[in-house]
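What follows is a single structure, and I will ask about it in a moment.
Labels for the chains are A, B, C, D, E and F, by order of writing; each one numbers its residues from 1.
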Amino acid sequence: MENNQKNNQGTDNIHEAMPGIQKLIEMALMEDIGSGDITTDNLVSPDKTGKGIIVAKEPLVIAGIDIAHQVFAHLDGDISFRPSASDGDFLNPGDTAVEIEGRLCSLLKGERTALNFLQHLSGVATHVKSFVDLLENKTVRLVDTRKTTPGWRVLEKYAVRIGGAFNHRSGLFDGVLIKDNHIKACGGITKAVTKIKKNVSHLVKIEVEVTDEDEVKEALKAKADVIMLDNMDLKEIREAVKLISGKAVVEVSGMVTKKELNALAETGVDIISAGALTHSAKAVDLSMRIL
Amino acid sequence: MENNQKNNQGTDNIHEAMPGIQKLIEMALMEDIGSGDITTDNLVSPDKTGKGIIVAKEPLVIAGIDIAHQVFAHLDGDISFRPSASDGDFLNPGDTAVEIEGRLCSLLKGERTALNFLQHLSGVATHVKSFVDLLENKTVRLVDTRKTTPGWRVLEKYAVRIGGAFNHRSGLFDGVLIKDNHIKACGGITKAVTKIKKNVSHLVKIEVEVTDEDEVKEALKAKADVIMLDNMDLKEIREAVKLISGKAVVEVSGMVTKKELNALAETGVDIISAGALTHSAKAVDLSMRIL
Amino acid sequence: MENNQKNNQGTDNIHEAMPGIQKLIEMALMEDIGSGDITTDNLVSPDKTGKGIIVAKEPLVIAGIDIAHQVFAHLDGDISFRPSASDGDFLNPGDTAVEIEGRLCSLLKGERTALNFLQHLSGVATHVKSFVDLLENKTVRLVDTRKTTPGWRVLEKYAVRIGGAFNHRSGLFDGVLIKDNHIKACGGITKAVTKIKKNVSHLVKIEVEVTDEDEVKEALKAKADVIMLDNMDLKEIREAVKLISGKAVVEVSGMVTKKELNALAETGVDIISAGALTHSAKAVDLSMRIL
Amino acid sequence: MENNQKNNQGTDNIHEAMPGIQKLIEMALMEDIGSGDITTDNLVSPDKTGKGIIVAKEPLVIAGIDIAHQVFAHLDGDISFRPSASDGDFLNPGDTAVEIEGRLCSLLKGERTALNFLQHLSGVATHVKSFVDLLENKTVRLVDTRKTTPGWRVLEKYAVRIGGAFNHRSGLFDGVLIKDNHIKACGGITKAVTKIKKNVSHLVKIEVEVTDEDEVKEALKAKADVIMLDNMDLKEIREAVKLISGKAVVEVSGMVTKKELNALAETGVDIISAGALTHSAKAVDLSMRIL
Amino acid sequence: MENNQKNNQGTDNIHEAMPGIQKLIEMALMEDIGSGDITTDNLVSPDKTGKGIIVAKEPLVIAGIDIAHQVFAHLDGDISFRPSASDGDFLNPGDTAVEIEGRLCSLLKGERTALNFLQHLSGVATHVKSFVDLLENKTVRLVDTRKTTPGWRVLEKYAVRIGGAFNHRSGLFDGVLIKDNHIKACGGITKAVTKIKKNVSHLVKIEVEVTDEDEVKEALKAKADVIMLDNMDLKEIREAVKLISGKAVVEVSGMVTKKELNALAETGVDIISAGALTHSAKAVDLSMRIL
Amino acid sequence: MENNQKNNQGTDNIHEAMPGIQKLIEMALMEDIGSGDITTDNLVSPDKTGKGIIVAKEPLVIAGIDIAHQVFAHLDGDISFRPSASDGDFLNPGDTAVEIEGRLCSLLKGERTALNFLQHLSGVATHVKSFVDLLENKTVRLVDTRKTTPGWRVLEKYAVRIGGAFNHRSGLFDGVLIKDNHIKACGGITKAVTKIKKNVSHLVKIEVEVTDEDEVKEALKAKADVIMLDNMDLKEIREAVKLISGKAVVEVSGMVTKKELNALAETGVDIISAGALTHSAKAVDLSMRIL
């Protein structure tokens, strides 16, 4: 399987037109502004303009600049939003990510929501980057899982790519992953793989979750495209990799920690998937300063 | 100011009828299931039923059981969802939170989304609880901020209460917090407070952010209800508390860490607000086991 | 309590970005235009342009100009909308509020919906103004209630401010008002106030509804911030005001008529709340004339 | 034209499934409850049940009972809602319209929104009834206009029927009304009517607005189905009616007041349309009493 | 009844502002692009621009150009969309309908959705045109029915007009059509027509479905505006037309085929309605070529 | 590649909970019922109940029974809907698909919308079945394309499976298909395939569109999983199949007609994709009869 923890290729992007993202931005503004910003509306004249900058307060990989832009654009069509960094850039404390200019009241109303998006997405990207940097064997792919914050799947998976790792399937709709309960319901790995190959689109690969050597053999024989080794120790993994020997892509999953990362990578697996990439990232600190 | 880190009083609840929460659940199911669960739809007959349990995999404070219920109810009206724990309960690894029974395919389709909600909300509650338990002076209120995950404001603020801490304002609409930029735009604290008192509803309190002793004095004179001490060291905080001496509620804010928590509490402030309660919580581990 | 029936300060505004208002505008256009304006679509070429003015047909306080603007903008991005009055201005019959120019078919399709918004909001502002003008004691605040037209809360509360009065809380979410049923459910005023002070955000004030002198005393002792006198006659109100003597804000509520307004104000209360401000306003007459 | 101010026939109804009404109910609950009812959530246990009645506080024609039902059903699926009156019934002060039973917290949260719907719709029905009762000539039809509260078209037109009057077209989509600007754009009444007859569905009638005798003659010759007399005095109306003599339905419109109603009816017109039916109705007083 | 299969009058249009159409466009983009175009996002830089043309691949009547425009505008505000044909134009294979220029990735992402709209609507217009061209008696109106693709009512009825035929009512809301079940429920045609005339708006015509001569007579006597002959053979239709002799508009409905069209038209009916106009149209072939 | 035109396996289903389908049903009811069914509401008492059957009027493969159910359920929660056929069943004229019982007015209001869904989906299934039945070589897979009716992607792809054929990718998000414009933008097939393999999820297969022998060779060398032969004649296809000889899945696409189907299948390709399956299906005839 071809590979390489990737850098920003400039072809990656967040889709402005995606209804889901617009809806999340609307919900975020609604839940913060609701019936009105009673402080700003009462104290700051709509005629007053201002300029602000968004700056890093700790070392971080920035992600979500375009979302922050959309937050302000949604509030006030006249705001000028001028990024001085791109998603994926590493920022030191004090570095400016964006300069914003326009009605002061709009800057103040959008500030928290824009920052909340940036802090969360940059938090994921920074966290992912710390895993990717640690990984010595660059031919192993580090991938995310479906353990994402509800409502944020597309955005968090984007931040994972920005952090230099890869995506597993987006959801239940774009990849087959046959787990123990599916296997039980069908009466065995062979039956499950055979049945699904008969029905599913020819563009979809079949991944099977296995727990011991016998199941590895059965999955191989059933021509699974990807075999996920579940709950095996390093020795078992190494043996499974040998057994499979390139006839299927090999993935290990589970509660992957930074400590185990390189040991896992050295077993010869192709893919390491880690829920921690998304569900254990803290927000990083960014703030908006009115000049 | 009356107080006490609170326990679950049974009067707290998540509002089923709140459109925002239903929308988030719909978005979450849509982003995960999309055009269909191609594994389950092809392998598990809709006639097959099953029973599952959601169990804790690490020590945690559970939060969001009703949301998990709604996730499954949204997918399949016939599922029986039987909680054996209540939001706020402490669970040990292996403890069962819920038993679920119904169509196996619905259990499998809803599993990840329900768990993602539970893991995130229980993560916040557990994280908050670890701060609350640490706090020796129980008359100081630990409160959250507006640094929440966009789309999740109401839910995360609920999890903060479940974890035993308190809520600051919900958004820009339900409390006045006059910050430096508002003060600058009005020409001083006195002018800002006077102006807003003239306009804002009589049910709303006025909080002013101050950075030094002079500003504390001005805020007091302007009859601010709450004074937020920004960026002061412990000694300055103690002096401000003495100066204010009960004539206003005193809040300290900032990057509050567990280490500083008790030192801050001993200064005599009424309120400690911490963005970390919501923006730095990791998901806790829960899983669904089909029996 | 500081006060003064206010004039337009120029800092008040309707938030373009508020999803609720956009939704109401969309619903209004949809219910009027639906599957198409069969008269205009069949008779007026989309190439034909026109100019129109919106004029007052009776004396009125105008409110909602920006909403009217958004109605036309929603229909046709190319329409030029030039207000010659601002919300809060008093217009005499024949005075022009706005000049509009663009595709004639768009003017005709948007006319009724834009006027319906303007007529309703200006109706509320004009009605409110007639109360405010009547009030001799300018230190008493006249405030609205939650008796608003469903779907219109934010807009009608805006029109109340434009008319020169004030807003009570926006909804159940941004202010505590403990009524008889809450008191009964808790076992008394003291218990209710104590309980809620323990839980609710420190930025929220506590208002208690009382019906006799004993309850006034209990509310005072429980340190309610605001006391609402319910169903008391002028004499009882005067006595309650004396009893409270500045230790809490005093509100009277009920079916306030213009006749009683000044008598009520002279009792020394701080706040008079009147559902009539919103629920009994008639639309005022405005029309669009194509030039 | 057949006619008769109608009574409730039992076949009239509000469509539960109509998305527009559900959306308005959701918006209304959202704007009132928003991030939560902080009084009730903190003081009333979700386990506590209660019973309440909605009673008339002034003489009124009730309308909107089913909407009130849906408000509570939306909040809480377990509430029992038992009407003791039907839309169109006349209630005296003290008469009970509905009995409601269920969780006390749900009763308190839904109370204001349900009442706001009932008060507004009953206000329209009662106002309309007062016109209908005044009308001596029962063969003249009193009809509403498109001057309705934005977002409320279907509901207010329903309340008009409940009050005993009739509906004009629902919107721009279900009836042709050729006004002066359409006529100007086409180059005359004849051209306008001819053009639209060629294009519009054969199920739609053609109404033309005219301002003098010549236009009446032209409209008749062009075979308009309905002729609307605009801005004519009683004498002119009588002459127009004579001229038309049954060859078209005759409508008069304008600022119809109760005083002029019977004089207008005696001119022999078929239809009197009055914006006042909807845009000048005040809310009537109803309240909920917890037993 | 006046008539004439119509040509494009330039006054017909699709309403950009109609919420239903925007929603359908959003749904269409969402279902095609979903979580992202993984081919284009990975291979085409967002900086790369391109130019494309949409060309006919078979003879067709084009319809929906404005919708195609909105699809691209929705995806990317910077795209230039330059039509070289108007809805209703006849295109030969190879003829260009539109030239589009902008980000190549946006062209590729919007291509299929834009074409799917164009192909379907032009398919309906072309199919309708083939009926209209066949019809020798140009005083008979060919009209559509409510047998349209769910979600597409307004668009398909627009395409019918573009194809040169006419619309029957838009839905159940804008025209009365009394069918056998309504008649049975009321106890006869006379009762049904009388009852509905008493209640329904004076701008609405009454159509009654009849199946034999007796019912024709009863409908005539009841003063139905339009009589629909259901399931009659040519001889019966001719007799019914004679009986009615201009006192009502006569419509025939049913499974109208091209073969029977002229025979039906010669019976003297005014209206022929055919579900086939919308439910049996195939998409026509158009493609986008990147230059 | 494993295969076999499939029969109904009973594991296929339409997802009730999928927001997209609910939205389409709501739009469909809204566009048909809008402001109300003025015929039924005026003539049929809500108390009257009735029973109806949906029957086939021509030979057809039924699809969409559950959607029809949801249409009625959406309108009226009390309707009993009893299918006597399952999706995929072949029905002869006169065969009953469903029996429905409940309020007569609800049956009449939902009739057309339910039938429109059933007629369209059964039309697709029947059309697809006619292709599948024709195909002699049952190891070749017949698959659909993205040429579907906007808003209907998931439903039409479901009907394709019910008709016995297979699905290609659902949209741009769940499969890589590298076309000529992608290849041009990347500088060749090898570069494109290499680049995408580096970035895309390991569960996704890579399909490349080629137009001649050289491109076939390049795609093979680049290890494309699937090769789509575009615009080749039967001889070229046969040679390409020989060249590929099992090292990739082979698909042919284009304007596939029934006539060419078996000739194409005999070339040895694995997959034949045909837009005609969805974009050229006519509705089949079903009707509802009230008993």
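Methods note: a residue touches a chain if its C-beta (ideal position, glycine included) is under 8 Å from a C-beta of that chain, and two chains touch if they have at least 3 such contacts.
None of these values were measured; they are calculated from a predicted model.
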- line: Contacting subunit B as well as subunit D are chains A, C, E, F
Query: Can you name the chain that lies farthest from subunit E, using the mean of each chain's Cα atoms as its centre?
result: B
Task: Return the distance between the CA-based centres of subunit B and subunit E, expressed in whole Å.
output: 52
Statement: subunit B and subunit F have mean C-alpha positions lying a whole-number Å distance apart equal to 45
Statement: dist(centroid_CA(subunit D), centroid_CA(subunit E)) in Å evaluates to 32
- request: Could you tell me the distance, in whole angstrom, between the mean C-alpha positions of subunit E and subunit F?
  value: 23
Task: Among the residues of subunit F, pick out those that touch two or more other chains and give their numbers.
output: 20, 30-31, 33-36, 42-45, 153-154, 170-171, 173-177, 199, 201, 204
Task: Could you classify the connectivity of these chains, where an edge means two chains touch, as line, ring, star, complete or other?
output: complete
Interfacial residue positions of subunit C with respect to subunit A in the complex: 10-13, 15-20, 153-154, 157, 170-171, 173-174
Query: Any idea which subunit C residues touch subunit B in the complex?
result: 1-4, 6, 9, 141, 143, 161, 166-170, 173-177, 194, 197-199, 201-205, 207, 225-226, 249, 251, 270-271
Query: Considering the complex alone, what residue numbers of subunit A touch subunit B?
result: 20, 23-25, 27-28, 30-40, 42-45, 48, 50, 104, 108-109, 112-113, 115-117, 119-120, 123, 146-154, 170-179, 181-182, 184-186, 192, 195-196, 199-201, 204, 255, 275, 279-280, 282-283, 285, 290
- prompt: Where on subunit A does subunit C make contact in their complex?
  reply: 26, 29-30, 33-36, 41-47, 74-76
- request: Using the touch definition up top, name the residues of subunit D that touch subunit A in the complex.
  value: 31, 34-35
